[in-house]
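In what follows, structures are represented as structure tokens.
Okay, so chain A shows up in both of these, paired with chain B first and chain C after.
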Partner chain A sequence: MRAWLATLGVVAQIAFRNLFASRLKTIIVGGIIFFGGLLVVAGNSLLDSVVASMSRSVIGSVAGHIQVYNAKSKDTLEVMGRMMMGDPDLSQLDDFAKVRASLLKVENVKSVVPMGISGALVTSGNTIDLALEKLRNAVNARRDAKTDGERAQAELQVASEKGHVRQIVSVLQGDLKNAKAVLDERTIDPADGAAVNRAASDAFWQDFDKEPFEALEFLENRIASQAADADLLFLNYIGTDFQAFQKSFDRMKIVEGTMVPAGKRGFLFAKHVYEEQLKLKAARRLDQIKEGTENEGETIATDPDLKRMVRENVSQVREILLQLDAAKTVDFRAKLQRELASQETDVGKLLAAFFQTDDHNFRGRHDFFYKELAPSLELYRVRIGDVLTIKAFTRSGYVQSVNVPVYGTFEFQGLEKSTLAGALNLMDMVSFRELYGFMSGEKLAEIQALQKAAGAHDVSRENAEAELFGSKATDAPAAKAPRRIEATTTPGVAPVMHDLGESLGGKLQREEARSRVFPSDEVERGVVLNAAVILKNPKKIKETIVAIEAQGKQDGLTLKAIDWQAAAGLIGQFVNVIRIVLYVAILIIFLIALVIINNALVMATLERVKEIGTLRAIGAQRRFILAMLVVESIVVGFIFGGLGAGLGVLLVTVVGKIGIPAKSDVWFFFFSGPRLYPFIGTSNIVAAFAIVLLVSAFSSFYPAWIAMRVTPRQAMQEEE
Partner chain B sequence: MKKQTLASLLAAFMLNLFPGPAPVRRAEAALSSAQMVELLKLVDDRQKNNGDWRAAAYLEQKEKDKVDTVYETEYFRRSSDQKFMILFTKPKSSAGQGYLRIDKNLWFYDPSVGKWERRTERERIGGTNSRRSDFDESRLADEYDPSDEGDDKLGAYTAQKLLLNGKPGQDLAFPVIRIWIDKDTKNVLKRQEYALSGRLLRTSYYPKWKKIYSPSKKGDTWYPEEIRFYDEVEKANQTLVLIKSVDPNPLPQNLFTKAWLESKSR
Partner chain C sequence: MKAIVSVREAVKNYILGNVVVPALRGVTLDVVEGDFLAIAGPSGSGKTTLLNLIGCVDTPTSGTVEVAGKDTRQLSERELTDLRLHTIGFIFQSFNLVSVLTVFQNIELPLLLQRKLNGPERAQRVAALLERVGLREYGAHRPSELSGGQRQRVAIARALVTRPQLVLADEPTANLDSVTGAHILDLMRELNRTEKTTFIFSTHDQSVMAHANAVVRLADGKLVDRVTPAQAAAETGLPA
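And then the complex of A and B:
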């Protein structure tokens, strides 16, 4: 043993000496190994930090550690964006209470949150439609008022809404005049002009209350149709149990409004969606210009985006004008004249001048807008406390609409700016189930009865012409029927028409449906599409997935469990792609390193034939020569790999203190906040050393083999 | 407006380049433009009621891997001002929903939320592949410019085939239509409806026609008892419309109003 150690000491001594003896070789080989070590440590640490941050974003915002859904589903569950358009085709989990009970039997499961993810188009009419809807509701409320107090309040509301509509009509009248000035008059329908003039007349408004519904129909059909198209809003939402959601995803916080109370219908907007899609566009652009100039160091003078926003604010003042009634118009005129020191009386022109901002006056105008003008405007298309109507084509094909009260907005701490984390809104489970439209047995029976009564039969596309037109129809009885008033044309089907005065669905309990408190049992025992599982020990995800699926089988449930990364869909795959790229880069670098080191060592060996021959002549065994060269390589690897890894550690530690700033909203999500603070994983240092030493040793085998074959005679011959 | 005209011309050009199956025989002499318009007017006139109209219709939508969607509806129309309304009566979950057309506005009402929404002529009625115009009086001569495509055989029938291009300024569910008109009866037997791009969207068959005496017209009004729509985009989807009962008598004056449709669910 002692002799072996002594030999190793000699070998190491020779190796160190050779490091300095052939400096060029050492620098080339060492440089490559240094860079490899640095890349393995820094690259992997950075990537691990991103994965850890992103997992916090995904787990903390919607997915939980594990997602569970029905194994019979055609598609896989993806909770954050899909490769394909539309909702994934998931089979339902019939009874959430059973699913939860089964999941809670698994030891590592801490909590379970019911879910369903879907989306729907929310259509609202144009600005005039919205104003007229309010007026119609007020007129309806006045008609249905039961007490004098209610009537008086409704009367006030009608008067206020009438004032607003009248103001909108006057804006429309101005638009028409402008259009006549710039367009060929023949392209403007004279009937439209006449309708606007009628709606703007005093006589029309004096007579409004005599036949309010007739007047409303006129305004809705002849005036509102002249306004530009309405905005469409597509909302993605998670149906869930709000209380369980908040408890399990503790980064969630309510920004405005309140949490939806237990058992109530309700909707919470993601703050990001609320700002981006529902805010008055002029106000949103002011926010963005402020963000750009104050937080991102941009200027209106140089940044094309900010310039565009200023231009749009100047040219799109109409959306503000349409919100003003007579009193607000006077108020705005006075305020703007004062602020701009202008004598202009046209509020549209005053607003355009006001929004003509530059780097010098922007901050003042921004503050003035929010202090003086915004309180008189509807800053958001849907306000907290409003009722949102969501319409969807259900899974069963029928149109289903629900009214859900908007309780507030929410965001996830640290992910405030992330579009990805802020894309999903929250809805109560009862409304979600109604919109998703699971087919009940009762409804299926009703449909089948209707089909049977209609006597319909299928005609396939392929046979349609032959079957439908194969022979000429004889004259049907109805063709020769006496001149009766009502014809029953399909044999066997009785006349189905109703008494026109008959109500169809009885008294619909809209208010009741909206305000009803659902017992927790009703929420719990219903259908869900998926469930988020929060674990006690997040490190045991794989084992828990196996345990969940096994427990499901035992309880007669077909549960499929996937980890957060799979549930995140495309986003989850993103990290895998980056990791593959990094590994390929490392592989290529070390392959190149292998070849270069090998060549350098071969060259060095050939230069040292004399020395090796001498060593062999004085009794060095081939084993000794092999060991000498391998150790030499390992020493190079150890020193330079160590230096590279060391620099990597230093780099990551320094960057870990400062943090890498998230440049865009996507990186906010990947960094789980405004900055990524990378950390060193011990495994990365160990991996770096292992790879470096392995490559060093491996690359020295061929040169060592050449060296082993050197004999003293060869060495002497070379000398000659 | 100009854009639509150009697009219509382009669509017509494309359809002329790829005219589909060759006609069985060319008409001995192609129809003149005036003759084609006359033919369309005749087709329209046979279906006109010149008064009020009420009918019950059964709608059935079949889609791949889905339970059928079925509705019982009633639809109402008034020739004088081209007002139109569809009221859904069954299934229970859809009862009280309805479409109302006044002037150029098509409204949809859902009583479960008490809201009116503005829709377009492209709206699929209740999610089926039928459009509002499928239930309305035929106004082909007013809405389209025809061009002759000769004669064609449809089973036992010989049909006059026309290509119709939407006139500018019309809000139409389909801007271009190919139509097969029975040479003997002048009933429409088949239609193929296209998008502006020239893409075939839907094929429709009208295998059964019935007539009823209309007091307002003081003559017979023809209506299709059965219409079958085959979706040409989602090939597995098809829609069946059965018109079951008709009543050509005058309707109450206040029928075509939002207030009336709302009152059905109050």
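And then the complex of A and C:
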């Protein structure tokens, strides 16, 4: 045994000395292996860290550890990254309570959150609508004023609102002129032009107070429709049980407003959506420029994106101008003149000059905007407390609309900047079901009431003929007085605080939307599309998926369970794609390594034919020669692979301390926060060594074969 | 005296492409223990082939070669290797030391392959041999730091370290100057006398043959005769 060890010792010694003797070869071969080891350890660790943090993002924001949906669905469930591709065709889960009961029987399941994911178009407020509404309110107030004081105050209000509307109309007039310059004259309805010109005329405003309601009607019908700043918003939302959601996804926190109370209809905007889509564009751009210059180290002078934003702010002051009534116009003019030390009187030009920022004056302008100008502006198109009218196409194709009050905004801790995690807004389950075309208890009761009123009743298929043509004489429903069923829908958003002048029906509907409390039973027992499952032990996802599907079968439910990565759809696959790329890179590197190492070893072996022949002649068995070469390769593999892996560990550890900053919002999601702190997986080090040794062993096969065929006779041959 | 090597009608053909090249055409030879035998002949006469057969590096195409009582044609590759390791020592024309090992390690190498002795025993034996070949101070040197004569002495020490019954030397002095070559032969001769080791060496050098007990002359793959060194020296102009 000791002699055997001594032989191994001599083998190792010869190997070491050979490696040292042919340093260049060793360094080249070793260098490749070093790089390979580094890549395996660092690359895999980095990727594992991204997967781990991304899983936290996905699991912590919507998916949970496992998503459950109906196995009969035509499409697979994707809770994230669906973007604009429409809803997947999912079959519903009829009774959430039953599903949850079944899921909770599975041992590892901690909690279950009901869900349904969909999207809808929402028209947000139109500035002129709001202005006209205010004017109407002021006119009403003047009419209803009881004291002189009240009347005087209302008169002032009317004058101010009139100024605002006039301002808007003059902006519209300007737009029309511009449109004529760039568009074919014929595409513009001359009636529209005439209406705007009339509304802009002094005569119109002088006569306004004579017949204010007539004038208002003209403005509402002929002018408001021409102001095209009511952008369509596409909102993705999850219908859910707010309380269960907040409890299960504990990274969720309310930023503005409050949580939707249990049993109420309500909508929570994702903070990111709220900022990105609903904020006044000029203000949003200021935020982004600030973010870019202060947090990302860019400058307006060099970064084309920031430059573009400055340019857009300069050219798009209209959005702000439309919000300015007479008083605000005066106020803005004074403030801007002072700030800019300018004699200019046109507020539009003053604003344009104000937004013409550079790296030097940006911070000051930004702060001035928020301190002096913003308090007079509506910064968001939808305010907390507003009622949002959401219209969506139901599964069966008709349009359904639901009014939901906006309670606030929320975000997920660490994912504040991620577009992906911040793309989904939250809605109560009952409203969701309605929009999706399911009957809520509320709707069902309404329909039953209507049916009762209309005398309609369910007819089974077998009895249909008898019912239609049957002999039984009934009071013909047609004989009753014709009914007009009015649907009151509110286009766009109408703020509740200012809806004094609205139709009673709409008002009631909104009032009801805010106040109606539905029993928790209704949330529980109804239809859902999917459910997020939070596990007690997140490591046992695979086992739990099997258990859930088995339990579902036992309970007569057709449940399909998928892990968070599958539920994350494209995003989940993104990591797989990176991993494949990394593996291909590693594979290529090691294939190249294999070829180069093999080549180098073959050359080295051929150079050493005589030495090998001598060893064979003096009594070395073939296996000794084999061992010698393999040990050489493995020593190189171990030392250089080890160094590479070591550097990888060091690198990942150091980077793990500092963290990799997320450069864009996408990376916020993948990093589950502003920085990724990569960690070393032991399995990666083991894998690195395994791969390195495998490559070393493989690459020495051919040279070893050559070496083993060297005969002792070759020791005798003399090269002349 | 007992024959350590017994060659009977040994024929060795090499195949080069489609051509059969006869290297030995039926050689019969006995070498007794303690012999100090020179195999002489011009190049191509089959000296090295004969040495290869005796050295168990090759086996005859026909005929038999027995070394230490074993018929080499009956042995497997592995057994031949073992026979070389335990019974035969080799000295090569160009020394064939392992360049990356020290002198000491080169000499120790066959002992490591044998796996019979432990470290101190090996060290003792190597030290004794270094002393014997006059290289006591050179144990830690690399072969490249030595002169040709010193290298060949290291090779001799390596060949003798396992105390083989037989040492084969293929043109051991061909790469040395005559004085050094003479010293090497003196050393071999002395070891032959003191250690009773049988030496067979090939040469085409008259002065080298002079050291031998007997000279076996080869020509065209055939044994011409077996003479004394004096006879060999007397007959100038050997058959080509």
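We adopt the following convention: the second predicted complex is superposed on the first by the 540 of 720 C-alpha atoms of A that agree within 3 Å, B and C clash if a C-alpha of one lies under 4 Å from a C-alpha of the other, contacts with A are read in each partner's own complex, and residues count from 1 in each chain.
Here is the rule we use: a residue touches a chain if its C-beta (ideal position, glycine included) is under 8 Å from a C-beta of that chain, and two chains touch if they have at least 3 such contacts.
Since we're looking at a predicted model, the values are computed, not measured.
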Q: Could you say whether A:Asn221 touches chain B, chain C, both of them, or neither, answering first, second, both or neither?
A: first
Q: Could you tell me if A:Leu121 is touching chain B, chain C, both of them or neither one (first, second, both, neither)?
A: neither
Q) Of the two partner chains, chain B (first) and chain C (second), which one does A:Val10 touch, if any: first, second, both, or neither? A) second
(Q) Comparing chain B against chain C, which has contacts with more of the residues in chain A? (A) B
Q: Quick one: classify A:Val584 as touching chain B (first), chain C (second), both or neither.
A: neither
Q: Pick one for A:Lys391: touches chain B only (first), chain C only (second), both, or neither.
A: first
Q: For A:Ala194, select first, second, both or neither according to whether it touches chain B, chain C, the two together, or no partner.
A: neither
**Q.** Set intersection of chain A contacts, chain C complex versus chain B complex
**A.** none
Q. Where on chain B does chain A make contact in their complex?
A. 1, 54, 56, 58, 60-63, 66-70, 72, 74, 87, 89-97, 102-105, 110-118, 126-127, 154-157, 189-190, 203, 205, 207-208, 210-213, 215, 225, 228, 230, 235, 238, 240, 242-249, 251-252, 255, 257-259, 263-266
Q. Given the complex with chain B, which residues does chain A contribute to the contact?
A. 123, 125-126, 129, 133, 136, 187, 213, 216-217, 220-222, 224-225, 230, 389, 391, 393, 395-403, 439, 443-444, 446-447, 450-451, 454, 456, 458-459, 461, 464-466, 468-473, 476, 478-479, 481, 483-490, 493, 495-498, 500, 502-505, 507-508, 510, 513
Q) Which of the residues in chain C end up touching chain A in this complex? A) 48, 51-52, 55, 57-58, 77-78, 81-82, 84-86, 89-90, 92-94, 96, 98-101, 105, 108-110, 112-119, 158-159, 162, 170
Q.
So in the complex, the part of chain A that touches chain C is made up of which residues?
A. 2-4, 6-7, 9-10, 13-14, 17-18, 20-21, 610-611, 613-622, 624, 711-713, 715-716, 718
